[in-house]
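Heads up, the thing below is written out as structure tokens.
The letters A, B and C name the chains in turn, as written, and every chain counts its residues from 1.
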Amino acid sequence: MKNVISIDQFTKQDIDNLFATARTMKTLVETKGGDDRFRHKVSTNLFYEPSTRTSSSFAAAMYRLGGQVISINDVNYSSVSKGETLEDTIRTLEQYSDLIVLRHPQVGAAKRAVQASQVPIINAGDGVGEHPTQALLDLFTIYEEQCKIDGLTITLVGDLKNGRTVHSLAKLLSLYDVTLQAVCPESLAFPPEYGKVINFTELTDVLPATDILYVTRVQKERFDSLEEYEAVQGSYTVTNRLADTMKLSARIMHPLPRVGEIHFDVDNNPRAAYFRQMRNGLYVRMALIDMLLS
Amino acid sequence: MKNVISIDQFTKQDIDNLFATARTMKTLVETKGGDDRFRHKVSTNLFYEPSTRTSSSFAAAMYRLGGQVISINDVNYSSVSKGETLEDTIRTLEQYSDLIVLRHPQVGAAKRAVQASQVPIINAGDGVGEHPTQALLDLFTIYEEQCKIDGLTITLVGDLKNGRTVHSLAKLLSLYDVTLQAVCPESLAFPPEYGKVINFTELTDVLPATDILYVTRVQKERFDSLEEYEAVQGSYTVTNRLADTMKLSARIMHPLPRVGEIHFDVDNNPRAAYFRQMRNGLYVRMALIDMLLS
Amino acid sequence: MKNVISIDQFTKQDIDNLFATARTMKTLVETKGGDDRFRHKVSTNLFYEPSTRTSSSFAAAMYRLGGQVISINDVNYSSVSKGETLEDTIRTLEQYSDLIVLRHPQVGAAKRAVQASQVPIINAGDGVGEHPTQALLDLFTIYEEQCKIDGLTITLVGDLKNGRTVHSLAKLLSLYDVTLQAVCPESLAFPPEYGKVINFTELTDVLPATDILYVTRVQKERFDSLEEYEAVQGSYTVTNRLADTMKLSARIMHPLPRVGEIHFDVDNNPRAAYFRQMRNGLYVRMALIDMLLS
């Protein structure tokens, strides 16, 4: 694998290998902080739209493997944007870099970058297209928390129509034998092309059987009126009272940032896995960088 | 000490220890540039308002100890600001980091960060609250320049009402046996809660007896009229002619940037210590990082 | 040489030495990625106007020599700009840094920085003044592509009146025995003070005899009307059909970014050297940093 553009590149075997490496990265960080395997290597974070979280995670991943990072965090404020094509920018930056991590607002930007580039490209989100490293870290978290993926009941909650994150995760999960449930208003329904889901409208109905509750943001802008938004938001908010109706072994995930979908008091619930999920992002990105640069 | 939030945390013994370490840092930087003690460690500079000077100083401190830095230099331009609470941002960034250096416009932000965080927090300024590392580097500079603190006559000049810097320094100095003098217009008087000062209005009266002259900015915005501002500014401007009325062993300090309070021709006066003060900021921050990460 | 401010500092012997070092840097990067010679050294990129390309190139150069970089990429967004003089900013940043790379909109800023600074300064462009590292990497590219400089016919195309890049390059070339040709509209003619050129208006006339075709941007703002701009732009656009009328050993260069002056299909033409030119920027900057910090 020369680039990470889409989750479609990954077979079950690839995922097994990646997760095995991610687990060694976890041990490495916990015991020694990191190592020097990519000393003198330079990664460039080329972010055409800002994403502090993702950018920081990739930077930390490179640092902990001994490498260096050039961060171009908002191309709109930089000279890169002066009428230059993405291809020319990539060909320029690859002269200084061993790896380019690209976030771009247009679907297909990562594929265009791969065509232009002689160094590996990692897609860190291309518009409503893909964000494969998020899907992989989500799957890794499920595996780490439940010690298996086959046989699990996974419930997706929130805006399942527009959420790139849940679409990619659902596609990845289709490689496994899982029961996928969706809880959302009809207007934000999960599109069938991303996988088979069982639809629900009430959160309370699905919680007792759920192993993984994957919560996503519901954005105001998707609704015709504020009342409609607030009604939906309210009915899908995860509180401790709701969380406690889940199995003790169940886990609650969220790609973050959250804006009210999960109450702060859930943070201390043993089922809350969303901050560990963030940390897993570090390990999975370290593993992906290792795969591309080794 | 797990975090650096307030100068109130520091006893005289803590300060002695810190300064001893800062002095070894000075030797380290001067002889070898730095070392590798925090290799594979990552510090995050989380600055909700930009402060190039402070951010650069902390970055250099981490680099010279072998560590790496993720710089989030203006959260308003970044995705961190998308409605996320400070606590969630801290909990996210601590997944990638061994240390978080926080600047925030709200008083108490650093304390909130400590509540949320499992990694050490350094308060790099929280609004009109505290900026403890500035106060510590100021005190360290006094000590380095005069080889003692007890017995000194220290004169504060400028806007002593609004300056967070002089308030924190005065609190620190209250641990020592010093004579603290204040020179400022009545409207910008030193608030008694930060320590006991002897008030003066004329700079010329206090200079001959002064060991440390600590000059601060007088900001236009604090005055009703431009004339009033210019009158005050003019009467407190330090020139070479004034500086030369001080003892040869006296020292002039300023937290910088200056906007006219000290004439450029004073820079070559042997009493000018403000650029060395900047450099001491590096050593004190290295010592603080060492204290937290060792 | 303590600073790099102007190409006027460089004798032919200096250039020979620099290029020899640049060639060892090329080998270093290609074989090992870099080394640790400037471990614990810190370079500060102080950019008063953004230039992602130049800033990234200097950062990569420092990283590949084992050093660290503090990037201040747009001073207008930072606190540095709060009324502080350039000299004070330099004196502050040198406290943390072993080297300052300065881009500034005003002619002469780099010289002022040198006066203020005790650490080496590299001029990364001061307004319409100089951009010496660009001229040096251009000359290095000519040498690397043609294995000589004396005897070459070098053709400059585009806006030769306003282009800082071609002026500096022409001055450097005046040290050598080259034939310098200029192709541009009369209103954008090459100023005689930068060297002796033979003027042409038609690109087709000069291509067969040209060894190096140096293409620059023609900016819309320089013209009275859009029609005038488009006429000029069109007549100087390099296409594959035109490129193929050049000698096989000829090379096409461009400082990039391009906005249409060279067709994308020329990229695969063996004469296209502009991306290698970018890469040479890394090696030349590594050599310059080595010269200043060794």
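Everything that follows uses one rule, which is that a residue touches a chain if its C-beta (ideal position, glycine included) is under 8 Å from a C-beta of that chain, and two chains touch if they have at least 3 such contacts.
Fair warning: this is a prediction, and the values are worked out from it, not measured in the lab.
Engineer: Identify the chains in contact with subunit A as well as subunit B, in label order.
Structural biologist: The common neighbours are C.
Engineer: Would you mind working out whether subunit A and subunit C touch using mostly the same residue numbers, over half shared, or mostly different ones?
Structural biologist: Under half of the interface numbering overlaps between copies: different.
Engineer: Can you compute the centre-to-centre distance for subunit A and subunit C, using the mean CA position of each chain? Integer Å is fine.
Structural biologist: From the centre of subunit A to the centre of subunit C is 40 Å.
Engineer: Where in subunit C do residues touch two or more of the other chains?
Structural biologist: Correct list: 71, 77.
Engineer: Spell out the residues on subunit C that touch subunit B in their complex, using ranges where they run on.
Structural biologist: 39-42, 44, 68, 70-72, 75, 77-80, 82-85, 87-89, 91-93, 95-98
Engineer: Touching residues of subunit C toward subunit A in the complex: what are they?
Structural biologist: For subunit C paired with subunit A, touching residues are 32-35, 50-53, 56-57, 59-60, 63-64, 66, 71, 73-74, 77, 256-259, 264, 267, 275, 278-279, 281-282.
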